[in-house]
Amino acid sequence: MTFTFNNKQVYYEVHGQGKPLIILNGIMMSTKSWAQFIEPFTQFNQLILVDFLDQGQSEKVTQQYDHSLQVDVVIALLEHLNLGKVNVYGVSYGGQIALQVALKRPDLIDKMCLFNTSDETSYWLSEVGHAWNKATHDGEAYYLTTIPIIYSPKFFNENREWMENRKKILVDVFSNQDFIDSMVRLTKSSEPYNVSDQVHKIKHETLIVGCEYDFVTPYYQQELLHEKLENSNLVFVPDSGHALMYEKPTLFVSLVLGFINNNKTEFTL
Amino acid sequence: MTFTFNNKQVYYEVHGQGKPLIILNGIMMSTKSWAQFIEPFTQFNQLILVDFLDQGQSEKVTQQYDHSLQVDVVIALLEHLNLGKVNVYGVSYGGQIALQVALKRPDLIDKMCLFNTSDETSYWLSEVGHAWNKATHDGEAYYLTTIPIIYSPKFFNENREWMENRKKILVDVFSNQDFIDSMVRLTKSSEPYNVSDQVHKIKHETLIVGCEYDFVTPYYQQELLHEKLENSNLVFVPDSGHALMYEKPTLFVSLVLGFINNNKTEFTL
Amino acid sequence: MTFTFNNKQVYYEVHGQGKPLIILNGIMMSTKSWAQFIEPFTQFNQLILVDFLDQGQSEKVTQQYDHSLQVDVVIALLEHLNLGKVNVYGVSYGGQIALQVALKRPDLIDKMCLFNTSDETSYWLSEVGHAWNKATHDGEAYYLTTIPIIYSPKFFNENREWMENRKKILVDVFSNQDFIDSMVRLTKSSEPYNVSDQVHKIKHETLIVGCEYDFVTPYYQQELLHEKLENSNLVFVPDSGHALMYEKPTLFVSLVLGFINNNKTEFTL
Amino acid sequence: MTFTFNNKQVYYEVHGQGKPLIILNGIMMSTKSWAQFIEPFTQFNQLILVDFLDQGQSEKVTQQYDHSLQVDVVIALLEHLNLGKVNVYGVSYGGQIALQVALKRPDLIDKMCLFNTSDETSYWLSEVGHAWNKATHDGEAYYLTTIPIIYSPKFFNENREWMENRKKILVDVFSNQDFIDSMVRLTKSSEPYNVSDQVHKIKHETLIVGCEYDFVTPYYQQELLHEKLENSNLVFVPDSGHALMYEKPTLFVSLVLGFINNNKTEFTL
């Protein structure tokens, strides 16, 4: 399905019934990335998938934008769906958008799951982004510059055949100039991102998950976020990289499913 | 409710409906320890609480026994209830019993959640147990020898008033000779425990949770268990001690609830 | 050798020549604990060992005191020796005294090595101390309550024969009423200890070493100390407990030796 | 100074006197990288610096080679210098060469310090290397692809001005085709590297140092190496990346200095 935001078509899907859960994608992902997760996530919940502008089946945006565009896309979608408070799972780019939706429209959100998220694009991460944007001249260069730091070294090594297959597919995708142009814009849209002074205002029940070998949003950033968000819980996943949902899918689903469907968060010590 | 096992009354409770979840207590716990957890755990599941022999409202056992007695209690209860495969959550002593039930009667178990569990009573842990058994002369000595190593230092410090209240209650409990006698027997029942060479046979989907400041079953033992159990997932909880369920109750419930109710464990990479 | 402090005899030893290094003992230690370390520590340095009052060959103190007594012992000894600035290595109790000497007489100290140290006796640690003081009725109870939390579980298990021998020796020592009385006083002397609001004033070059399985001064306390001490360096030793010097003696010596003898601490980035 | 190996000039420097210490460079380093470290490392030791072939002031090698060439360079240099057993510090590429020298000529080595080293070039690391080799078209691309994963994110952010200066210098260096060609050859020379089945033969006293945010040779590889090397000690440095010597120079010097100059490695428990 699509809806129109500022004359742009935004693609989204709604699956199943129950307390709503919206998934906000990482930068290279799309609604299609979640195909295998629709089944477990619709067991108790209505699942909303959405492609950010410049992602998947949503419309491209040819002029450079920043996060505020995507934040407004999410808010518009939630208002359009009119589901009351929804649970939000965001990963990386999606977690950053989730934090900003929570700041701008706290009334739209019930619980949040923030996985591999940071509250700013640090100088370091912006330079990593610049490396990505410098590797757009050939699909393999783009693959090699981005993918090995997204998966944990162990996963990468232990699933070599799968990675090699994925490489073939992704090199093709990354050789498509339109795709790469949108990746560059998405990457640039994160550059000014910094809500480090604001996130302490967020009071939603939040699950923060960090991973041992996350080389994009290193664990200490999850610790910082946990310190700032009063009603947050922190979990550390050993032996995973930035791509937890693919590296440890069963654990990933369990963490989200359990947190958003647990109806009791007040315990008397 | 009770049922009779070898002429001994075993106390148990059944709450709610859904895929069954049985909770196996830690050594100092009882069915009453879970009062606040009945609500969230019955949202999707039938919850079975049970007092091991020598625990809570189950009958005392005056002769020394080992784990095999409690393993058989659990098996007998599950047969008595006749619920098919059940999910098991075990913590510490309860996790050790869970491992042995899984080895003896794998057919009775669906998924397992093993929190703060080890596959043996090491020489070190047996000496810790000996310290406990040497501190039975007065309730406060027993409290001081056991409780500060069960909670994480940070939790203990940050919840001083609650700990002081709890101390009053527990010193009373620990001054009761019958209670202490049963604690000594329960502790001694763990002494010969060692399934380190057998746990690799367990194929159940398992969630292993270890805690940063667990001074009873230190994290490396959870790592070892994870290495041996083929279908296990490992989570590390920062800033918690051995008593995760009290230190971080929301997170605790989420982890169990999500793992046992996630109906999909096969993902195509 | 001895010198007199407030009419009490303080035992100390001076070995070798070079930049001076004074070792401040942990609570159960004495100058004798360092017998094997004299050789490596005198390779480049003059080594000063000292028994705190109520320790080893120093005089007993029958009235309860607090840390300030031991701080003044160290200051008096350093003035007595008149060596100029000395390097200090302190472990646990000795590290706490070192911090207080550094606050009271910063002019006496060159570099500091603080191993397994905290800047306060937390409520938790004071309760642990109370457990020790409750276990004084029999030497084995005292051993079991103290020693297993001082060594890491892995070391304890992997060196079972050595631990069993040590147990025999220590149960004897701990059955000596005089020794136990002094242990109780030493333990109580730490109870009011809290320099958490002052340590930020310390500007000495400092090496802070924390250990993964330190169940007495858990690692997070070393992190806190590192955050507060501007000119500090932090090292984490995997697989060691509170007793690093016995668990990993070669590594222990290397860390101290390298830090105090490195003559360059200013580098241009 | 230079000596000739296979008709190639190898540049090296000898500084000071004492038990010899040879430093084996990381891939992007040279003898010049150690300018500030000569002073502290010559306090007790004779320091030998050397540029591998294709590094610094040593001769370029136009045909592709593998590690065995550099291993033989080091052996030839040590034979040329005829110093007896030397201590070796190797970082990353240099640590890998050190391991191979230890395997081929154990008689030439006394103690080893292996920092940020692995015993193989995993599939993952080889893909990272391919990313580097794909970024040779422009100096800035090469900088952005390599440098941000060599320093820890925190160091990078907290020393922004220094990093920006360094960027200017390095982009210039990386724009030099000769330099980049040698970098490509050095990177490729590591590709077949795998001594994972042999390192257990190494019996030298070894200090293994791993860093929390090492995104090139992640910490688990240091753990693996430690498990395999019988006489090794393992240290974990929090908050450092792959470039420990620049991120924490004082600590770096202390670790090496202490380990190689500690003359006692046998302790009776």
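Think of it as A, B, C and D in the order they're written, each chain with its own count starting at 1.
Quick note on the criterion: a residue touches a chain if its C-beta (ideal position, glycine included) is under 8 Å from a C-beta of that chain, and two chains touch if they have at least 3 such contacts.
Worth saying up front: this structure is predicted, and the values here are computed from it rather than measured.
Peer 1: Using the contact definition given at the top, which chains are in touch with both chain A and chain B?
Peer 2: none
Peer 1: What is the touch distance from chain B to chain D, in steps?
Peer 2: Contact-graph shortest path, chain B to chain D, evaluates to 2.
Peer 1: If you list every residue number at the chain C and chain D contact, are more than half found on both copies (same) or fewer than half (different)?
Peer 2: Same residues, largely: of all residue numbers at this interface, over half are found in both copies.
Peer 1: Which whole number of Å gives the spacing of the CA centres of chain B and chain C?
Peer 2: Centre separation, chain B to chain C: 37 Å.
Peer 1: Can you give the whole-Å distance between the Cα centres of chain A and chain C?
Peer 2: Computed value for the inter-centroid distance: 48 Å.
Peer 1: Quick check on chain A: which residues sit in contact with 2+ other chains?
Peer 2: In chain A, 239 touch at least two other chains.
Peer 1: Should the pattern of chain-chain touching be classed as line, ring, star, complete or other?
Peer 2: ring
Peer 1: Give every touching pair of chains, nothing left out.
Peer 2: Pairs flagged as touching, ordered by label: A-B, A-D, B-C, C-D.
Peer 1: Would you mind writing out the residues of chain B in touch with chain A in their complex?
Peer 2: Against chain A, chain B makes touches at 36, 39-40, 43-44, 159, 162, 205, 207, 223, 233-239, 246, 248-251, 253-259, 261-265, 267-269.
Peer 1: Note which residues of chain D are touching chain A in the complex, please.
Peer 2: 122-125, 127-128, 130-131, 134-135, 137-138, 140-141, 144-145, 147-149, 151, 153-154, 156-157, 160, 163, 213, 215, 218, 220, 239
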